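Comments concern the structure below.
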């Protein structure tokens, strides 16, 4: 098929044009497990709504998904409790760094949105409320979305995060002082640090986000994950808040709902069309993959395809 | 044609369902000319990319477009100087109220985006730099976009804004102290207060924004206003920052790039499809038309059509 | 002696005039042990540099000294490490509430002064660094200053603080994320919550602060606690920062270096003359004893005696 | 007299020890008139309550008193309207830079204290309310305090300040937007920029502040400027807020109520004893005379005399 050939060539072109942008950044170094990842690694995977998959580079190498996991936990809770989620979390861009406490102080412990750390920690607290066994159920959910049973936590990463995550402890205790964390901080952060330590390949990530490009239906199981209206709403959140305080810039340059993580991954979708995952560990000063953003911008520019 | 009939009926349904939401808000009252507008007024106008127009309510009554004008001045400057605009203005959501000075102090006089007041004042300063006669040229530009020569400034409104706009004087002087305003504050604000005092109907507004749904081409003159890539980028800015600090919520509920004004107007577009303008003067506590947002949310919900 | 009679009468006058101001406030209620204290209790104790003591009201009833303890721990660390203390703590008024995190975020984990919670937590961390057994040594130090072996911790209060002190946990973890807490947060806060749970009477407090009015010499043991220059400096800190974000107002009204606690106590000194402790549990909205401030203002007004 | 000889020698010692500290800073350069002052200039003048005067260095060279003028205008208004002043200005240290707008935004246009720019601008507004001819009356007042008719405005400085004072225009318009400026901004700032442009020598300044060390009585005319209670209160304000956001540090190091200006002057008093003025144009990064602070710290250290 013509279109398949085109996408494969395009991904290869993106790799050759953008891979070297990684030299302008550097991998996250706050925990050893992330710091030791080679900045030379690079991968892109694309899967269309009808299941045609394309990939280039190290697309079968698992990496730490970090904040990308916030989309998974949010989705789990959103489908369980719906609009009640907004009693405890906002849906506005944060305007400040992903781990800032200032906004929380001004707004009495209500995080701006579910994709900054504070918001995801509240979501983790909700997981404890609504799941028997949050960590097992999360893994089961992600495996089902990606159609891949091999996905797992990296315990070394989770343990390192716990040992060094003082800022996240501060966020959790601070929100607890406002009454917006209901479980013990240790239990909430155990869920949170584990979700960040899930490891996936770009192939798996592109598949796991495909339900968003499929009006909320898991294409592998035909299960409705979210109804079309909520699928739209989740993508709006990703567009306005998915890349920390670089979200506006990313929307401007790329024009695609997406979520990034400090492991160097970014996954985006074009509604009703496709899902696209990129990975390059070197980050810019706002914590996003520098080559990854470049590749995604060129993707929407070369295809003249975006949500706008 | 079936589709035409449907849109007309839909607009009438939206009017009947949402008009009364205006009782939950109140019109802007900081200047007499705005305060005396009846909150009972209501209008919706829709125009498709191929020129089919639909309307209901007071769609031929002109009102003060206020901040909607920021899209017009930004477009004028963007097509003249392109990316140089970003040396002096950011493109991130503000995270704070539209007229806040806090962000400016932290970020050394660089406004977060062109749609908060500070950003639009810098754009007005750029107008003085790049236009012989900014106020005449702006009017000419807006008339051309809407294909309507009758559009004009309301001098009473402009004069009132000038007399009471102390916050905007503060913003302009503050940015001048950082070197980000190049002309005398009085001249810059003369442009700014006049642009806010343009009066248009929803019919005119829907037409004037249609170029955005037409890949940057003015459908009335076939002139390219912005190239497709810049058209995409402007819409991304509108989606992330078009409704002050309610932008995230509007994206979540409605899912359409749009711009609002404290006159009670909101105009949005669905790329490659249509432009939609609503007007209801009563505002919510974040300065946006309360019935207007409700109508636009129902529009995307009932049509299952949005950018996502 | 004439002067003695005068002070006794003056204290009684202050009690009769200001005790009822407690009706305008209410006791701290964040832990049961503080909430159950009767707002009717009231005490003033004064001791002159040459040892003449005066008192009225419930001056033998012990209460929770809370933040007043910050003067004791600061003094212990200051005499041990001197100016090195300023590598990790500032000496400016905070300008914000006593438990704010905003200033810490802007200033990279360095608290503004040792009398806001964050600063006192850093001092507690320094206690762990420089004392074999911080809790025992603190008690010993306070007992020696007051010349009274009966002073002790209230374990119920310390335990309650630990269970509800999420904001203080947030402060400690936040500073640890900046590297400004060197010991485990649990250990640091164990010292901190205990120091706040020391119980003393106004008689004991007035004695324990008398060294400040005696150029740094403990009048009961003749030991030099601080040299005269450091004694001056500590009093300056108390004057600019001793009453949270009400310090400026207190300096204006009273004009005396002092330290308050949410238990309702305030202790102040007039250099080279006297020490004065008041207690009334009902607090104003800035966390200071409402009748206590009133009594101290009248004291300096009636005697025309202050540092100014 | 022995004591006179001592002070003269002490001032000379301070000059020789601290004059060269000016190399660590640099003069204010935002207007030409200030930038061209030689950083080599240095002066100290001291006058005791009973009229014995001492001086060293360039103590007869007039310089721009800048923010020191805030004490004069505050005193004029305080004696006229008393506590009503506190309806529109606070009396807490600011916690932020002298010209910050952030605090004003959070606190709805009420400046923290009369010695930050915003506070002094409100005082200037009050001057327009309560004086027939504010600029003439201010000059008359200052001349009377100093017992010297030669004191005058420097029109070149006033004009320069007006042309470059965008931050102060921002402050004034911002407060006007909250209703806390009652007169036109141009008129208010005309008073403000002129008061900053008064020129005085250290001899004149030390005399003009002597009433503060004399329980509020002008020692040259025996007129009561402020009653003893208000004299105390004004000195408390100076101690907590007289040196911008270095006030806490200055209190800690020097321990004297004082006021500084970006012209390089600092004037302080020891209640009931003396007034001390220093001048050295080179400033530290917080806008205070670097050699001036050093000289004053050594003064209180060598004499073991301060308010504490």
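Residue numbering begins at 1 within each chain, and the chains themselves are lettered A, B, C and D in the order written.
One rule holds for everything that comes next: a residue touches a chain if its C-beta (ideal position, glycine included) is under 8 Å from a C-beta of that chain, and two chains touch if they have at least 3 such contacts.
Remember, it's a predicted structure, so these values are computed and weren't measured experimentally.
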### Summary
Chains in contact with subunit A and also with subunit B, listed by label, are none
### Centre distance in Å when subunit A and subunit C are each reduced to the mean of their C-alpha atoms
48
## Note on the structure
Cα centroid separation, subunit A vs subunit D, in Å, comes to 56
### Whole-Å gap between the CA centroids of subunit C and subunit D
32
### Summary
Touching at least 2 other chains, the residues of subunit D are none
## Note on the structure
Pairwise, the chains that touch are A-B, A-C, B-D, C-D
#### Entry: In the complex with subunit A, residue positions of subunit B that touch it
90-96, 103, 112-113, 228-229, 231-233, 235-237, 239-241, 245-249, 251-253, 255, 257, 271, 300-301, 304, 306-308
### Message
With touch defined as at the start, can you tell me which subunit A residues reach subunit C in the complex?
### Response
100-102, 105, 166-167, 169-174, 176-177, 185
